[in-house]
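Encoded as structure tokens, the structure appears first; notes follow it.
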């Protein structure tokens, strides 16, 4: 609860700032509508306002302020508009309806979980290989780094097309892209974790003549637990981003990624923001779940 | 029933109403076809999908199809439900543009991703530079698929479709008399829009050919039904939209506008339109914009529509 | 098919060679350290070439490396323009601004534990918003040129940096801070002489993560509107034109510049945090 | 000069309060060499930290030169040697010793002069340019002592400074410390676990006992200021050592 | 039983080779209690590690029970207590002690029996279920000793096991260790910085000197096997201590 008040304060500050920001952001459109309805604004005429600073316009025309928080397709929707949209698309429609964000979140979530499973699994296996084989360490690591500098959004469509041509469709292509983004943090974290036992810990194992396998199970793996969880948290967030990215070219369909995009095709900013928040909530939820597992596990291991 | 996959160029919307109606109304079933319709998006190149075997038939614009042909994807037009095109350029009068001669010095939004060929053809024939470097040229920006740049004042002119972005501009409060509209067709740079394309080698298989005949027949039945019943068609589209983000109001509008484009076609490609598209594209050949460099051959066949429509 | 089998053979051979190099007598030579990853990379390319040719994969799906290399050599001017637009103008400036902003906020959060407890959870929530969602918004706000790309990069690198700097500033031991106290050092003396140097290993961790994010962010942002140059612009339009060789040429440039960027930061890290145990063996 | 009266210090922890110091009364005169000895956890470190204003007492009073410890710290009255060397790995040995001088605003020339002097004092003259990790543990400890000496604070507080050193080095440093103290007349507070060390160095030995931390005995040493190493075999020495050992044993559970 | 002849060990480092051991010759009989003493960096740890096959000599020869150290290690001949306790934080005290038993494939029942036995031995009977960080430093050190004892290796190697403890606790543990050694007849190698500790415990004291690390003196203790604590005041004791101190002093640069 120590964080409750601070978070509340920060959120409140952001909301106030957000409402204020809406005014200059949406002021030009508000003045145009006002002008059409015969309200006096200054200066008159769209042309005259074209190159004027939005802040200046906002200050000069307080009459239009209320409208900047109530537009249909604002540049920046006001917080309550986003909340209303979230409410409308979660609470007021059945969760199985395709108009429900819950439904789309579920679709995205299932691909994310599958992808995260694949990615984390691959990451851990790769890390085990890297820790135990010098050749793998030297050759794979630089390329794992290089792989992350490839813009995923650029190759995601190609991956999808190629997988499609092998008849792989539906959840799996999305999951593979999501796995691609999540394996890297897991590899890096796990390599660090599996290498975290100090020279003395390893020497101890040697004085007992432990085998590599015994050393792995009884020393390296437990020692890597804190690193594992830290990287799983980054990994699961990346995984979600991966799914969203993969949804863009997957050919129209269900999922938060599509909501984001279709919002942008039709200029529905409120819908975009609602989808954005839904994604962030999903990510925060996933991270929170891992944190909980982490706390319980580390506690049982006596590490927390 | 025979299984078929249709890859669309864009997301589920009334632009593709004919196919959704045919599926929903059972026209495909009547022809003993089991059609899967795959929605597209900005990052989907249907030409690539069909080359990779992910679809049997695709919709795309002819310019893109011919460009793909030159790159070794043997695309053949088998039907052309869109008689005329809905692509246009909208400018703000306030920016001082009245005729194409006023373009130089202004910023223009263009859709890329295979949609840019008509624009470059037009500019080439107007003699306007598009590299952004010269004083007497235009500054081209890659416009995302929305009307925002004009509404936000980031561009003086943007690309729109009559059936979609144009209305978004109007809805944003800009009135028709504040706008100048250039229709590519009227400017003489119209190109054939949504047509149906398949891979040439597959057409050698009589069974596939027969499937296509049935497919085109049913699809055209769908189109004509949609033209006659725009409200119902819009609703069918909405039902098929998996994102659940579309609005009925907008789809109804789109359906009425699209109907204007499909009205003149019974599905058969008019070779004269084809010739005009090719001629226009060939005018624009430049190293930067290699749509096509030479006259294509065998890029369309009338056999399917002949068989389907008799 | 023989080519595909050849691919397997190449793989096995190169792997065997690498294992020998990595464990053999020359294991600790600089040349070996460089050769092993290079051999590994070349093997991947060879396999790619052989499989693509062996299975006769269409050029519009996946061109072989030889074709891509050819395209790179004939398109250097375009690749250079795109590199400048995206990497230098978009990614680098956003990277610098993002890091600077993170530093400022980190210091503020450091001085007030109230703000730290409030900002970090909210910050991680904001950071969880996918860039594919924020990019269109930022393009709408900051226009089509590199400024909006820089803004996207700022948003992307801000949080990883903030987390790392904050963690780094906590890194000093209680004893070290007490030491400063016994000398009656001011906040800023303590900051410059103790906390900042001690935070450097973390800061560089953040800098490295952010370096890959920055380039990806700048490229992705171009998908949502851009001038007619830039790596993201070229990639997206080239896919539309089925010019896959150009797409891969740009991806190559991206991977190369991203890796070099990463490597440069790792090198600076070696110099700055020479004292840290992880750098000392 | 340092006066603690009825000092209490309780730490609040998750599983209840820990009383680290209870009713501690002590007078330290200017120029005293005071050793603190006692079993682990009896509050030696806590008391030293309270003098240096690193902990705030929860009861009682403590004054340093008539000021509060906080004021004395602001006046840079303390040189503090922590139990571990605590050198900054990114600075050379000389750089580490220079650090407090930089902070206190000495001139460049003055800084150099003082660094050279204290390096000489702890026998590290040629090691100024090395980094801490290039030195053995004992050398690091000496560098840390040099650092505390560099700015000539009136009060020197040392928390087990020689814990990690072997007997010979320890003897040597003990001698040096005594010389320094005799020459400069500093007030020194010194924590140790070694009985002979405490007896050899101090004018006053404070024996403490844990749970709660308190002073059980204060022994004034009758030994002269001049102390050769072999004074440790004298009967007076052994007698004091015996008294300290008895006091210490009382604090342990064994026998 | 352990024989080192002309043993050399040189470390290759960035700034040249470091000769940690040169021409080391030593015989350790079964049942010996051998202490190693010498200034920091003289190679005590290195020599202990070489016996346990944790380092490979670059010259000379070493045999353990007639085998190479490597073979002896495979035969699980060693119990090694490192300078720091080195308990795994994710295992309870009992779990930590059980670990080598698991690795060596003892049965569950046997594991339990042995763990209970050694816990009792080091006075930690009721602490088996606690985690390491819930124990004080001294208790952790004892647990680590218990772990090395659990599998009854013939040879016990201990590297400054009591370094971090205060005098009283140390005395107590010294007594316990002597009892254990007398009862089991193990061979023990023991590194320490404390002269009285070395003399009190050992049958043989090895004095080493640095740069390069070598043995300068080997002192056979004439003390009886039975040693009460106050044997430390006996003249024999003091004489040996004196000899050790002299040997040690020779290794230092002072006076």
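General observations
Chains: A, B, C, D and E, in written order; residue numbering restarts at 1 for each.
FYI, a residue touches a chain if its C-beta (ideal position, glycine included) is under 8 Å from a C-beta of that chain, and two chains touch if they have at least 3 such contacts.
What you see is a predicted model, and the numbers here were worked out from it, not measured in a lab.
Note on connectivity: the fewest steps through touching chains from chain A to chain B is 1. For the pair chain A and chain D, chains touching both partners: C, E.
The count of contacting C-beta pairs peaks for the chain pair A-C. On superposing C-alpha atoms, the copy chain D sits rotated by 175° relative to chain E, to the nearest 5.
Think of the whole protein's Cα atoms as having one middle point; the chain whose own Cα middle lies nearest to it is C.
Each chain gets a centre from the mean of its Cα atoms; the one farthest from the centre of chain E is B. Averaging Cα coordinates per chain places chain C and chain D 49 Å apart. One inter-chain figure worth recording: chain B and chain C are separated by 38 Å, centre to centre, where each centre is the mean of the chain's CA atoms. The geometric centre of chain B is 85 Å away from that of chain D, both derived from CA atoms.
Taking each chain's centre as the mean of its C-alpha atoms, chain A lies 18 Å from chain C.
Within chain E, no positions touching two or more other chains are listed.
Each of the following residues of chain C touches two or more other chains: 61, 136, 140, 223-224, 236, 239. Within chain B, residues 42-43, 45, 48, 52, 144, 148, 152 each touch two or more of the remaining chains. Each chain pair that touches appears in this list: A-B, A-C, A-E, B-C, C-D, D-E. If you check the complex, the residues on chain C that touch chain B are 58-61, 136, 139-140, 143-144, 222-228, 233, 236-237, 239-243.
Across the complex, chain D meets chain E through its residues 39-41, 136-138, 164-169, 172, 193-195, 248-249, 252, 254. The touching residues of chain A, when paired with chain E in their complex, are 200-201, 203-210, 214, 218-219, 222-223, 225, 301-303. Within the complex formed with chain B, the residues of chain A that make contact are 28-29, 32-33, 36, 46-47, 50, 72-73, 75, 97-100, 103-104, 153, 156-158, 161-162, 164-165, 248-254, 258-259, 261-268, 271. Listed in rising order, the residues of chain B touching chain A in the complex are 7-8, 11-12, 38-45, 48-49, 52-54, 94, 144-148, 151-153, 168, 171-173, 178, 241-247, 250.
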